[in-house]
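In what follows, a structure is listed as structure tokens, so that the remarks can point back to it.
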């Protein structure tokens, strides 16, 4: 009970800080759009290869933007050693993890609101309204899959000298299942699903989320208490 | 286990901590009785901050034993932490939160209701009447310090750890702080103060130690630090 | 631990490897379809097995390391991860050579090849993190955390790559192949395992010695006369 309450307070605090520093959040979203545009230059201007690659580009834009958001989330905590203050409050490290991971997942979900329509326009996609909702759902699953291990690793790399390199180095290989699952599933939504595979990929994403939201929650206290 | 006397607030035996090959602290023996007070004197880099971080449990010791309220601050983290407060050099404030939001967050994290009245009461105590709705990032160093200090009111610790509390304050602020700390101490809160401002800190403490390169090189009544020649 | 035993096991491992490889190259019959190329299997399959054994051991050490908080387990962890990563790298090179000879390409997004590539990146990340962490306590707990997180990922990667790209290379189990092929495979597997144990234990000792050297006795206690008691 205390855990859920503290996690909720941390989550709300992160959203408030995100709102106050919205220039930064907007930059992350712009970065996502720039990525989408760059893919058009790499594979365009014909519409066909872009349309076929759309699921992959969307997922990569999410992945690349996530690193910026996650690094920022712990830069806030390190700036004035706010993290020490929270832990000595004492806030349960587990509550801290779930609060911050939810905050990051929420931010990444927010990205979808801009990036999905942008991709529809840029890549000439024509998803049905139902398809759009499915894309949003898949995006949420992928965002959650990045946020949990991302929060664990950002807590670690936030205290390193070379944090900007360290986080993607650790995170990207780890989230290969999220990447593959999200690309495949979104592609099935966008280009049709004759073999009825969408459900398996969705389950894979959900399974990854379930595993990493629990494992990282258990490991986070060990990562954060050593200083 | 003796049931009668309360466990000392702080007790160390041969305590040491190293960073890589460098020992920031070594062979430190200290005892602060429950509700007692200790002044840590010593030059910059003599190990005062390391000692406070060890006591708070944010750092693990490399040698010796450390007991806070008779408990191991690394093993019984929750219990130890709920009994102590640390006001460190870094004040653990979020620059983009207002003073009122900061106080409300602390209150709620501690399981209290953050009513307007309660928050207002605290920012008045910190002397921030007109600035409750200003973002902390716009505060002067002294205001930030006072805001960080009133968190002690929320945490109601048995032992208060302070790292250079008198820095960044003007003369009036120091006088206010000295009086405020004396009040807390009278209420039974133990104090461990690391400070250069001996003229302000010494009168607050009963005992004192001087650290040199991570080791205790002098110990005695805190008042002696103010008497030329006795503590050198 | 009995160091003599470890040293002899290393030596025995090398002998087994030599014998196994000799049998594999000169005694075992050539495979019907693939010919002599298939003989790489006698080092390739044992590399894969032993790399997995190393990572699994590292995973167990990581859990014990976090649970006990004792640094010895971190020394053991680094031994297991490093030897695992070396075998993993060899595995990729062998797989690539084999792919070139069989499929005509150096690289193919085959399930096991892809999984071992991701696996190497994951554990290389663990080793990189160790290098970046400046404090002993952080190094130990962060390595353990990263090892656990990476190890849990391996089966997930395997399954999703298999779905992603189903270029089936049905695993051959020992009972469908010629017994003359089983002998060198088994010998090499045991030999490589012994060598790996030997290497990992050497690495553990190096790590332990490095740690000891760093934690050399704290500076002498200031003479008690100087600490005037008032």
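Residue numbering begins at 1 within each chain, and the chains themselves are lettered A, B and C in the order written.
Assume contacts are C-beta pairs under 8 Å (C-beta built on N, C-alpha and C of every residue); 3 or more make two chains touch, one makes a residue touch a chain.
Just so we're clear, the structure is a prediction, and the values are computed from it rather than from any experiment.
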Problem set entry | Chain nearest the global centroid, as defined over all protein CA atoms shown | A
Exercise. Max contacts between which two chains?
Worked result: A-C
Exercise. When the centre of a chain is set as the mean of its C-alpha atoms, what distance in Å lies between chain A and chain C?
Worked result: 31
Exercise. In angstrom, rounded to a whole number, how far apart do the mean CA points of chain B and chain C lie?
Worked result: 47
Exercise. Measuring from the mean C-alpha position of chain A to the mean C-alpha position of chain B, what distance in angstrom results?
Worked result: 38
Exercise. Multi-chain contacts in chain C: which residues touch at least two other chains?
Worked result: 135, 137
For this session: Scan chain B for residues touching two or more other chains and write them down.
Result: 60
Seminar exercise, completed: So chain A residues touching two or more other chains come to 225-227
For this session: Sort out for me which residues of chain B touch chain C in the complex.
Result: 16, 18-21, 23, 26-27, 60, 62-63, 212-221, 224
Seminar exercise, completed: Per the touch rule above, chain C residues touching chain A in the complex are 66, 118, 121-122, 125, 128-129, 132-133, 135, 137-138, 140-142, 144-146, 148-150, 152-153, 156-157, 159-161, 163-164
Seminar exercise, completed: Residue positions on chain A within touch of chain C in the complex are 149, 152-153, 156-157, 159-162, 166, 169-170, 172-174, 176-177, 180-181, 184, 197, 200-201, 204, 207-208, 211-212, 215-216, 219, 222-223, 225-227
Seminar exercise, completed: In the complex, chain B touches chain A at residues 56-60, 77-78, 81-82, 84-86, 88, 90-97, 101, 105-106, 108-111, 135, 151, 155
Exercise. Quick one: in the complex, what on chain C touches chain B?
Worked result: 134-137, 214-216, 218-219, 221-222, 226-230
